[in-house]
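Both complexes below contain chain A, partnered by chain B and then by chain C.
Let's look at the complex of A and B:
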């Protein structure tokens, strides 16, 4: 077994409930199960896509995996370390192994910080790098994501959405992670920018063997990047497997209706797909 | 907006220039704010150099020359004990500048950390601190000041510490509210995912993002501080005679308004100018910070 194929991220039985109503005594009377018994594995250098409609629990899963929320049950194991069992400071040190890129590039960068400080934060926090050494390394990172050293001292408001997402990616890379969790990382971008950012992610994966947990509602996008696909519906994993298998011969009705919702440009492909959809009841189709 | 919003990109090379330099550069470009800064700097110099600037001893009484009009030997006239008003105004700068700073300093020292804690953690800490703040707001600040002075003896510092205590719930509320809205921003999660400590999150990411409303509130309270000092001194719990402050001079002039109307004009004008300078400087500071803020 080669090391390139080892499991870097393993989620087992993740469950999360949110209290939606409390009685006068503050006791929970109504709960919403956002994620229930979700398990998956991600191998080094591979991309696992978590797909589903909005409200299916994808983003909550991302937050559970990255330890931004505590799961009610289940474990998360990153590179052999069980994150869910770590103490606070140990978890903080481990966090550099898995970094996150968020959906909204307008909200994920601190508006009061220059790019050099935003991207340099992981360097400062994990390695204590500051000053000119920091400037140099941040400039390198910016070049890796297609920006340049001349952007070091700019503020987020001076950048477009696509550029901001590149900054967010540079920040994630700064920690030197094995895994990047991309929560709808390209959904907020326009289509041409989307393609550029996706290509950037793929290039980075090829160059440095990063594993991606790619969360998206957009199966068209997922198709371009994913090795494996896991489909979520109402907080559960309904189907998972190699991407080609899921796209070519989906087993679950929900997966089929999800696939049917992808806009298709080519007329021949449309006809092809028409045959596919007829089996699933139209009432199940989700927008 | 007064200045162009970073139309030309600054191609800064070399080591990272501090955000503070950017801030001051912008501040200096705003005429009103820069003028206010100059006024305040001049007043500070006046306060420091008072013995050199004052033409006479501010406490020397001359009962023969009482309530003299401006001109003659006294540029601004004399008060009801024959003391030179210009000298008293110059010496009074010291307390007048110091008093509101003490008050706002004490208020911020209590209000800012409490507001950050309540806003960031919410739930029980927030409930406790908010109820405490409500309780303090319901106490009349004058009564609070008198109680503290009764316990610790009359002095400017004691009186202004009390005013600062009364200011703290106002600062608390502003900081708490701003913190609550910043806490749920994605960039806070982003920094947590990087591995920042909570301390760093609050100090480096939350605090700068609540700075704008905080600065405005602080400058408004500086203005209130000047007036509070005048009021407390009038009641005899603040500045102790024969020491002078602008507030004391104004009150004293007010007592003699029918006999010598000129007495209250210089100190009144000075207080007005000082409060305006605080306000304009605060607005300028907020705008200098605001350029980095995300436009929705």
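Let's look at the complex of A and C:
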């Protein structure tokens, strides 16, 4: 079953360079390669996690995949359509297939808009739904994310961080996407709230076959949601594979050192981990 | 570094907080955001202060150095004892002489804590010149030694760097160098590694540990239970402004005495295995103006009973542990395997 599922997102050879210095003529003299030759596939109903430290290129990759940034090389294909070849208006129509949930729910929601407008906007844009029909649809979406119809006419400031992230998820769902790109979507939440939102994402995936591109620096969180993991380091994919393989028998020294550095609550699991990773791979990387 | 007579870790506490109560002015009037907080920092030990946002852990840390945004936040009662001195009552002038000298603080975001207009050497030197009266030249030499002590390579070169020329991990090391420049008795570190990558985080925490060798006491404030489990000696758990549990970290983790601690431990996502469904704590922390009269965790607690509606005090449970739970004696809570 799982291998037969269709590929909903395919990135091939993505490369992105940023100019960091220009000469007096305005020509680029120094460039930083943020992402180099990154390729991966995401299948319907599955979760691919992109992990790495700050500066590894995972967020740039997310911006390339969602066409917020143009790659210097490589292609992005979403549900069979090559996004990197589309014009602006065609891309606009396609965007509903892939929605994003961002890290900071205090910054990503418009503070001047009531929930019904924030969540209802994709319905208006993509389907022309308005009025009572919109209210009804938004109320349904709120219930799917664990909120209720009584929240329709409230403003973001009236909600906690976890509730705001639920609103952001409801807005993403409103477009009826095949893929949700979650960029550090639970990183700003407290553990107890974080667990609630992660369970919500897993429920949504099970009920509606959504695919997630899950970008996170938190390897504990990734362990709980990912089917496949791709490890990024200095703009490149250093290792990728099924989540169990990456966590239980990582091959690359970088992956090992990353796993070894994650603080673990349980002393017994800490010992298990120490057995997995040899001393040499935990060597100092000067920060 | 502390003077030689003081390097022997003794059992006398470096800092004691007793019955601390802090109020905040809000749209609902003045409400208590920290209530009846007790904690003890001992020389050479790292005490972890755990809690979620809104638990009062940061406000508690700030209160030690009297860095609360007054008059919005105000200490109502309680004592903060550094030896014989009550920091909560000390005149401003005397307090200023202690900050950075006997009690120091390190914050979460190194870039916003360092003045971008000065070199690292000037920033560290400023502390030494102000508190220890060193001249420019001696302060610079000492700054180089301190940079070396906090693990910055090529300290003679780095001493002339500006903060923006350093990575986040390096900036945090500089901040720590400033904080420990005068050999304080107590270091308050508020989420010192939250903005850093995990590999860098591990290095910074090892650095903090090595600094306690000289007898410095550290209060490590963080929401990250993994960090606390690996890097502190004693644990203090706060919930909704109160301390709900304290004790040696391994004992608390193996057998938590408060349902909130147990709930937090269960909710931490582990890298070791994928679980069917993550354990959650239902609901959210009540806002300070809507706190119940009894146990503040009662609405979210799976073990709530009528007895929990009564006010409950932090009581000594033996073995260096204490807890604030009316049902603690009859509950058998699950911790993490030793």
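Just so it is clear, the second predicted complex is superposed on the first by the 274 of 287 C-alpha atoms of A that agree within 3 Å, B and C clash if a C-alpha of one lies under 4 Å from a C-alpha of the other, contacts with A are read in each partner's own complex, and residues count from 1 in each chain.
As a convention for this text, a contact is a pair of C-beta atoms (placed from the backbone, for glycine too) under 8 Å apart; a residue touches a chain by one contact, two chains touch by 3 or more.
All values derive from a computational prediction rather than experimental measurement.
Look at chain A after the overlay: chain B and chain C fit there side by side. In the superposition on chain A, A:68 makes contact with chain B only, not with chain C. Once the two complexes are overlaid on the shared chain, A:107 sits against chain B while remaining clear of chain C. Of the two partner chains, neither chain B nor chain C is touched by A:237. After overlaying the two complexes on the shared chain, residue contacts for A:204 are found with neither chain B nor chain C.
On the chain A superposition, the C-alpha centres give an angle at chain A of 80° between chain B and chain C, rounded to a multiple of 10.
By the touch criterion stated above, A:258 is placed in contact with chain C alone, chain B being left untouched. Contacts of A:139 after superposition on the shared chain: neither chain B nor chain C is touched.
Using the contact criterion defined above for the overlaid structures, shared-chain residue A:217 touches chain C, although it does not reach chain B. Of the two partner chains placed by superposition, only chain B is touched by A:150; chain C is not. For the pair chain B and chain C, the minimum alpha-carbon spacing after aligning on chain A is 6 Å.
Put simply, chain C touches chain A in their complex at residues 52-53, 151, 153, 167-170, 196-204, 223-227, 229-231, 250, 253, 263-265, 267-275, 277-281, 284, 336-338. Taken in their complex, chain A has these residues touching chain B: 63, 66, 68, 92-93, 95-96, 99-100, 102-104, 106-114, 116-117, 121-122, 125-126, 131-132, 134-135, 149-150, 152-158, 168, 171, 175. Across the complex, chain B meets chain A through its residues 6, 9-13, 15-17, 19, 185-187, 189-197, 200, 205, 208-209, 211, 289, 291-295. Of all the residues in chain A, the ones that touch chain C in their complex are 53-54, 160-162, 190-196, 198-199, 202, 217-221, 223-224, 243-244, 247, 257-259, 261-270, 272-273, 284-287.
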